[in-house]
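Both complexes below contain chain A, partnered by chain B and then by chain C.
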Partner chain A sequence: MDQLIGYFLYFCSLLAVGGIYSLIALGLNVQWGFAGLFNVGIAGFVSIGAYTYALLTTDTSPLHYGGLGLPLAVGIVAAMIASGLISAIIGVICIRLRSDYLAIATIGIAEIIKLVLKNNSEITNGPRGINKIPRLWENFTEERFYNDWPMSWFASAETWQSIFSSLPRWWWQPCFALSIIIAVYVVYKLLEKLRLSPWGRMMTAIRENEPAAHAAGKNVTGRRIEAFILGSMIMGLAGAVLAMHLRLIEPTNTFDPSKLTFLVWVMLIAGGSGNNRGAILGSFLIWVIWSASEIVINVGIDVIGDFTNIHVGILSTRAGYLRMLLIGLLLQYILQKYPLGILPESRPTASSKT
Partner chain B sequence: MWESFGFEFVNFYFIPGLVLGCIYALGAIGITLTFGILRFANFAHGEVMMTGAYVTWTIMAITGALFGWALHPLIAAIPSIFLMILVFFVVDRFFYKPFRKAPTIKVVMASFGMMLVIRSLVQILWGPNQITFVRGIAKPNGFIRELTGSLDMMILVPNKHFLIMAGTVVIVILLGYLLTSTRIGKAMRAVSDSPDLALVTGIDVEVVIRATWIVGGACAVAAGVFLAMDIQMLETTMGFRMLLPMFAAAILGGIGKPYGAVLGGLVIGLAEELSSYPWIGDSPLLSPGYKSGVAFSIMIVMLIVRPSGLFKGRTF
Partner chain C sequence: MRKSIYSCIAALAVVSGANADVKVGNPMAMTGPIPDLVAPMALAVDLAEKHINEQGGMFASGEEYVIVRADSMCDPVASVDAVTKLINVSGVVGIVGPVCSGATIAQAESVAIPAGVVTLSVSASAPAISNMETGTDLMFRTAASDAYQGVALAELALANGLTDLSVSYANDDYNAGLAEVFAEHYAANGGKIHLNEAHEPNKASYRSEVATLGANTENLALFAYYGSGGITLMRNAMETAAFSTFLGADGMLAQEVIDQLGAENLGQATFTTSTSDESTHGYAMWKALATVAGLNPLGPFVPNSYDATFMMALAVEHAGSADRDLIATSLRAIANAPGEIILPGEWAKAKKILAAGGDIHYNGGSGPQDFDANGDVAGDFSASVVQDGAWVGKIIK
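Coming up: the complex of A and B.
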């Protein structure tokens, strides 16, 4: 039984992280799939969202600024707004230039954000990061939540305590995973609506033939900036959820560009850029491959360790890089052989309902 | 005057800035040529720099183990240059060439992927930890110190800094000769200025592309080795750290303009070092932690004010 619960909880965490990657990939799909904007600073936008959420919602702490203890929803909305604001600045400057410049600028802004988070210790606690970030569902078991409204309206602190102590320790895990999946579904539905709307069609037109769209009187730069901001806001939302999931964030390893930016790009390209369903499928697929490859490589290392006298420690520190190498080669292969991805983009026909 | 202001300024800010600028300049030459001739921002350039330095270190270590004395980095860099040019050729053949007719963003994406592939390959082969490149404390060059000391303007230049600056001057002069006086150099400039016109005049673009990788690769390895000589160690992230300043230098100088890249590199390097000089009061003007933000700000300002760069390069 315990083992079954273990598998179930592993499944829940796969689902949760896969859902977070899906959110980022959906955001990237708005930028790249819809508008053709090449953003390689994903880690930066996600970290802005995560830090905004963390600073606003954690309990007061002497280590970093505030810990304002605001409601979780406020933190999530603020995370989206913060990410959107940063992207608006970058977008206004770089979007009129060709995509290469946007790529350079976004990779730069991600580095700058990392520098700011690392160096402003009095606000962000520097490289040591922010701890005890409230996680949806699990936070209800924390004292400061059940002592305060709205939970105190329904039952007294003692009742809540007894309810939580009667539940198994992991009760919040499936709820958390489910909430993420619902969030992915909501974002997906909204983006599908957007894709089929006049705005979405205009985006496709701009991406495919900019001069023609321009000649038809469309505000090309304006629409592109809108798409860039919208995508970054979704990334900010994903950042807030990531902060919830991890509960401890710090500027460098948590937001490692190779694991966020690069992996998300592989997910979107593999799933099918321009297709929202493809973005979600690619995220879960690549995430499962990525997690499974860790297990496979670890087993392989154990086998090598059993039959030879090579030091296993050296192998396992380098195995992570082998995974990165293989994922990189996978990207190259998909780019050349299946540029459309698993689920290619489907254009709305002229008669389809909006 | 010299004692109160100049000594500290020149020796601890200006010369290190110049050295850093030389390294950026050499790296930016490759980036600007690739951008100008192949028309894409090569994100893998920094990683090739880094790999070149690792290969150089390996050659030094092998000769050290075989003969008991390690080669000087500058000599060990020569076989490393050939190897890295080969790497550029292989990468171009298998990962960039398939996209030559496709929209450029595809090849930018491929180069972004190559950045990770090359870096993880280095991390697998050499391990993720720092490696000491050259041991010991770099002492200032005695001759220069005596000479300038007798003029009451003591300048402290370690031999490594002197070699880096001299090496950069030699490479830039050779590059200037190549670009202005040889057939292939003129062809490279022609393709960079107008690819259609160059094609009409019968220039073989593939040959020009190969020449671009050779020049870019040689400069990249030189930059990587100079960087390793300067900081005296090797890290797998050092190429990525150089990438943004090098792009900034290429954009500042104007895309496709090698001399612009050299000037841009020097400006960026100096700006990064001088930004932490206590211009106002006693504390550094900008905390050294934000050094790499300087290059980025210069680049952003340049993109707003004058995207074509100082030397009127291409804009896309």
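Coming up: the complex of A and C.
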């Protein structure tokens, strides 16, 4: 029974992290799939969202600014707004750059953002990071939440304590995963509506043939900036949820480009750029491969050890590197087999309106 | 693709349900920034596992003590994922590890503490870990906090007659924390710090930093990892003769430093690391075991890794069953006085005493390993200099 609960909780964590990556991929899809903007500065926008959320919702601490202890919803909305504002400034400056140059500019900007976060130690506690970030659903069990409104309207502190001690310890994990999935669904639905709307058709026109769209009188720069800001706001939301999941964020390793930026790009391209469903599928697929590959490699090494005479000590010490090799090979296979992505972009045809 | 995932999960279910053994999770930074430091630590963990299973295993039924290794990559995201798998899929009774402080704090706050699982870190030295828990007692470590190493290094600097210096630290959580403690203690005790600057790791050249720092002094306190910029910075300093004396901590203590910079240039370089007091019985026992197994008994955090693994097994044996809720109390009971002294490798003796209902007090190869209220231990530090082409350490008293 415990074993089954264990598998269930691992499945919940796969859903949660896959959902976070899905949000980032959906945001990137708005920028790349809709508008053709080559944004390689994902880590920067996600880190802004994460830090804004962390600084607003943690408890007061001597190590960093604030810890304003605001409600979680305020933190999440503020994360999206902060990301949107910074991307607006960047967009106004950079949006006219062509694809490769925009890529270089956004890489640089992501690094600048991370260095600013790292070096302003009085505000962000520098490389040591911010911990004890409240996590949705789990925060209800923390004293500073159930002693305060709105929970104190419904019942006293003692009642809440007895309710929580009667629940199993892990009750909040499926709730958290489900909340993330609902958020992904809502964002997906909104983006689908956007894609099939006149705005979406105009973005496709701008992406495919910009001079023609210009000639037709469309404000290309304005639309591009809109797409950039919208994508960044979704990434900011994902950053806030990432901060909730990890409960500790720090500027060097958490927002490492090789794991965040590179991986999300692979997820989007493998899943199908331009296709929102593809973004979600790619994210879950690549994340499950990344996470489960450790189990596969360990089981594989055990099996080799049990059924052959090969001494597996050498293999076990290299298991981490073997896993990277396996992930690389699988990515190669997927990208070779589905060069347009597993779910290629589907444009609405003229007849689909009727 | 999907079929192979299902068949692998099925195989895993078969394999894991096969025998009733005691599983302990061991997330270590096998890949990441410091694999050369972590490899001997992993071997020490395996050595402890071997000794325990050779001398009768766990409980009266002789169950096998199994270390389940995972890769935490010295990174919060990866360590949270690795420990989630260890706790939920492998069903471990406790966590021995991780190596890096950021990874340790993230996995503890995100996974281990909410699940009620004890974490016994082998080398996480961030001062923040001491006070990170409220209301729970699940976070322990067998390595002394940086708060102590920074103080020891400051006192060493003053004792060596370095009345003024500049400080340069790599801007990451380990080195920044260490530099802060060092600077505070050094200045408070009469030392003069000209400049205290961060530098970014992994740069190709540090000439500008070296020029700025070396303007007023010949002495440099350097806190960096050798592989991500430390060696480059020292090389730039030596090329421009900006500094003659170098002082630093264990991120720089590697053979690679001697190989790349040349032993003849490192005459005035002293680096500290946590170490064992070689005059104790615990160390003598550990040294004998390590030499037989081909391990360097004074490798950074190598004895700490052995001790952590051994103590986790003793805690489970003391608790009487692989029950996560009992481990924290048992860990304190076997690590602290009173009790019969148990040294590294004495599993059979400890098992007999515990079976008879007695009390034990483990003294490890890296120190007495007595936990204070925060789950921390005190530690000794050594200062290493280059002799005959290798680092030779002497304990700081």
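Keep in mind that, in the parts below, the second predicted complex is superposed on the first by the 307 of 354 C-alpha atoms of A that agree within 3 Å, B and C clash if a C-alpha of one lies under 4 Å from a C-alpha of the other, contacts with A are read in each partner's own complex, and residues count from 1 in each chain.
In this text, a residue touches a chain if its C-beta (ideal position, glycine included) is under 8 Å from a C-beta of that chain, and two chains touch if they have at least 3 such contacts.
This is a predicted model, so every value here is computed, not measured.
Of the two partner chains, chain C is the only one that A:245 touches; chain B does not reach it.
Of the two partner chains placed by superposition, only chain B is touched by A:339; chain C is not.
When both complexes are overlaid on chain A, the residue A:207 reaches neither chain B nor chain C.
Judged by the touch definition given at the top, the superposed model places A:223 against neither chain B nor chain C. In the superposition on chain A, contact is made by A:321 with both chain B and chain C. After overlaying the two complexes on the shared chain, residue contacts for A:64 are found with neither chain B nor chain C. When the two complexes are overlaid on their common chain A, residue A:119 makes contact with chain B and with chain C alike.
Shared-chain residue A:17: touches chain C; no touch with chain B. Contacts of A:195 after superposition: neither chain B nor chain C is touched.
Looking at chain A, you'll find residues 115, 118-119, 317, 321, 324 touch chain B in one structure and chain C in the other.
Within the complex, the chain C residues that touch chain A are 5, 8-9, 11-12, 15-17, 30-31, 39, 42, 68-71, 73-78, 80-82, 84-85, 87-89, 91, 102-103, 105-106, 109-110, 114-116, 126, 128, 132, 171-173, 176-177, 198, 200. Chain A meets chain C in the complex at residues 2-3, 5-7, 9-10, 13, 17, 63, 115, 118-119, 121, 126-129, 131-132, 135, 138, 169-170, 245-250, 252-254, 256, 259, 288, 291-292, 294-296, 298-299, 302-303, 316-317, 319-321, 323-324. For chain B in complex with chain A, the residues that touch the partner chain are 35, 40-41, 43, 95, 98-99, 104-106, 108-110, 112-114, 116-117, 119-121, 123-124, 127-128, 243-244, 247, 251, 287, 289-290, 292-293, 296, 299-300, 303-304, 307, 315-316.
Put simply, chain A touches chain B in their complex at residues 36, 38, 40, 93-94, 97-101, 103-105, 107-109, 111-112, 115, 118-119, 258, 262, 265, 269, 314, 317-318, 321-322, 324-325, 327-329, 331-332, 335-336, 339.
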